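Here's the structure we're looking at; comments come further down.
Chain nomenclature is as follows: A, B and C, assigned in order of appearance, with residue numbering initiated at 1 for each chain independently.
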Amino acid sequence: MDNLTADQQFDQLKLTLPPPPTPLVVYKPFLQVGNFVYVSGHGTVKEDRSLIIGKVGIDLDAEGAKLAAQQVGLAILATLKANLGSLNKIKRVIKVLGMVNAVPEFERHPFVINGCSELFAKVWGPDKGVGVRSAVGMGSLPNNMPVEIEAMFEIE
Amino acid sequence: MDNLTADQQFDQLKLTLPPPPTPLVVYKPFLQVGNFVYVSGHGTVKEDRSLIIGKVGIDLDAEGAKLAAQQVGLAILATLKANLGSLNKIKRVIKVLGMVNAVPEFERHPFVINGCSELFAKVWGPDKGVGVRSAVGMGSLPNNMPVEIEAMFEIE
Amino acid sequence: MDNLTADQQFDQLKLTLPPPPTPLVVYKPFLQVGNFVYVSGHGTVKEDRSLIIGKVGIDLDAEGAKLAAQQVGLAILATLKANLGSLNKIKRVIKVLGMVNAVPEFERHPFVINGCSELFAKVWGPDKGVGVRSAVGMGSLPNNMPVEIEAMFEIE
């Protein structure tokens, strides 16, 4: 990883963070408890605050869904940066739950969620940026988004 | 929150707790590890131990499902009270996973799970009673219940 | 439990562990953070590395799915043994998320996931081997596996 910091690694990717989610009355996008950071289920928010929409297997194929999962990963990075000030504060990725809104016969959830996992591995490197994971298929998701991901991190 | 305790806040809501679930052979409804409390996925148990049943989008609409999610929240409160003696022992809500048994085209999971989240916010207040959350759609749930929720708390 | 160790209890079951999953680029099957151990969603891997495949309610009934859940439990034991050297290192089961790939009308998820939970209870005993749990129905799972389970443990 060339000894670059996570923030520097992200800058090299030439990707743009969407706006972080506004905290709502009934849940927080981000919570730190001791040296653990929890983030809520994040969605496919784009730079203009619109969402990538559609069911995988009908409206999106696996490649399109993988891009949607990368967008969810960017939304999680935006939340971390807004709350911690820097991606460098993350000591490691602990856990990712990747949820794909797919037709009942869909089988490529790991490929889809790699869109987020590969982003995290690029930002924090092949050890610290990689945690445990489940990549699974939901019956439905809010606003008919194709992907929702929640995650847990360790901080310094 | 008027400086009332969580138990006092709950009393003011004039809601009734259902009986807490009986521990079964293969899982515990409640587990404390250090200063973390984990509760199993809870269902829509009513005072008479019967369940609210049905798939959201067929048997229940979003409003009915929100009431079902509040009932799941009450079942979680019953488990906490039975195991901790008092809701005052909870330092904060960390994480809620709200699972809705809905038709594939359902889109209003956050609205449904607010039935539980708003209850927790009333009991423990707008900071301590609010944690991170995912609100998502399942393909099916045990006994065809409309909502199941698992949660994690911090205790003093 | 006759004061046998977890490894000895497992030996008495006369069951065979499948090969542990090979770590991939984008997720780890196992991660230890402090005294917590997290395992990724595991699948129905058999001794010959082939998978038990099929949707519950179409290709498998509840009994067949329970056997599949036991196989997932064996895969998790294989991961723990490969990473910790011995099942005796586990202090307790904290949390199991049991995910069943079922038709929308399926209702017996707890019965299915008992295939894993009963295995854990035999290995680590009726207290330490039993944690909190959610047993729920997914819309789809990777490779059309009938069951996927993720879990969290405490170690000494």
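Following the convention adopted for this analysis, contacts are C-beta pairs under 8 Å (C-beta built on N, C-alpha and C of every residue); 3 or more make two chains touch, one makes a residue touch a chain.
From a predicted model like this one, the values you see are computed outputs, not experimental measurements.
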| item | value |
| --- | --- |
| Same-residue or different-residue interface between subunit B and subunit C, half as cut-off | different |
| Subunit A onto subunit B, rotation angle from CA fit, given as a multiple of 5 degrees | 120 |
| Rounded Å distance between subunit B and subunit C, as computed from the means of their C-alpha atoms | 26 |
| For subunit C, residues contacting two or more additional chains | 97, 101, 103-104, 137-140 |
| Of subunit A, residues touching subunit B in the complex | 25-31, 33, 38-41, 55, 97, 99, 101, 104, 137-144, 148, 150 |
| Interfacial residue positions of subunit C with respect to subunit B in the complex | 92, 94-97, 100-110, 114, 117-118, 121, 126, 130-140, 154 |
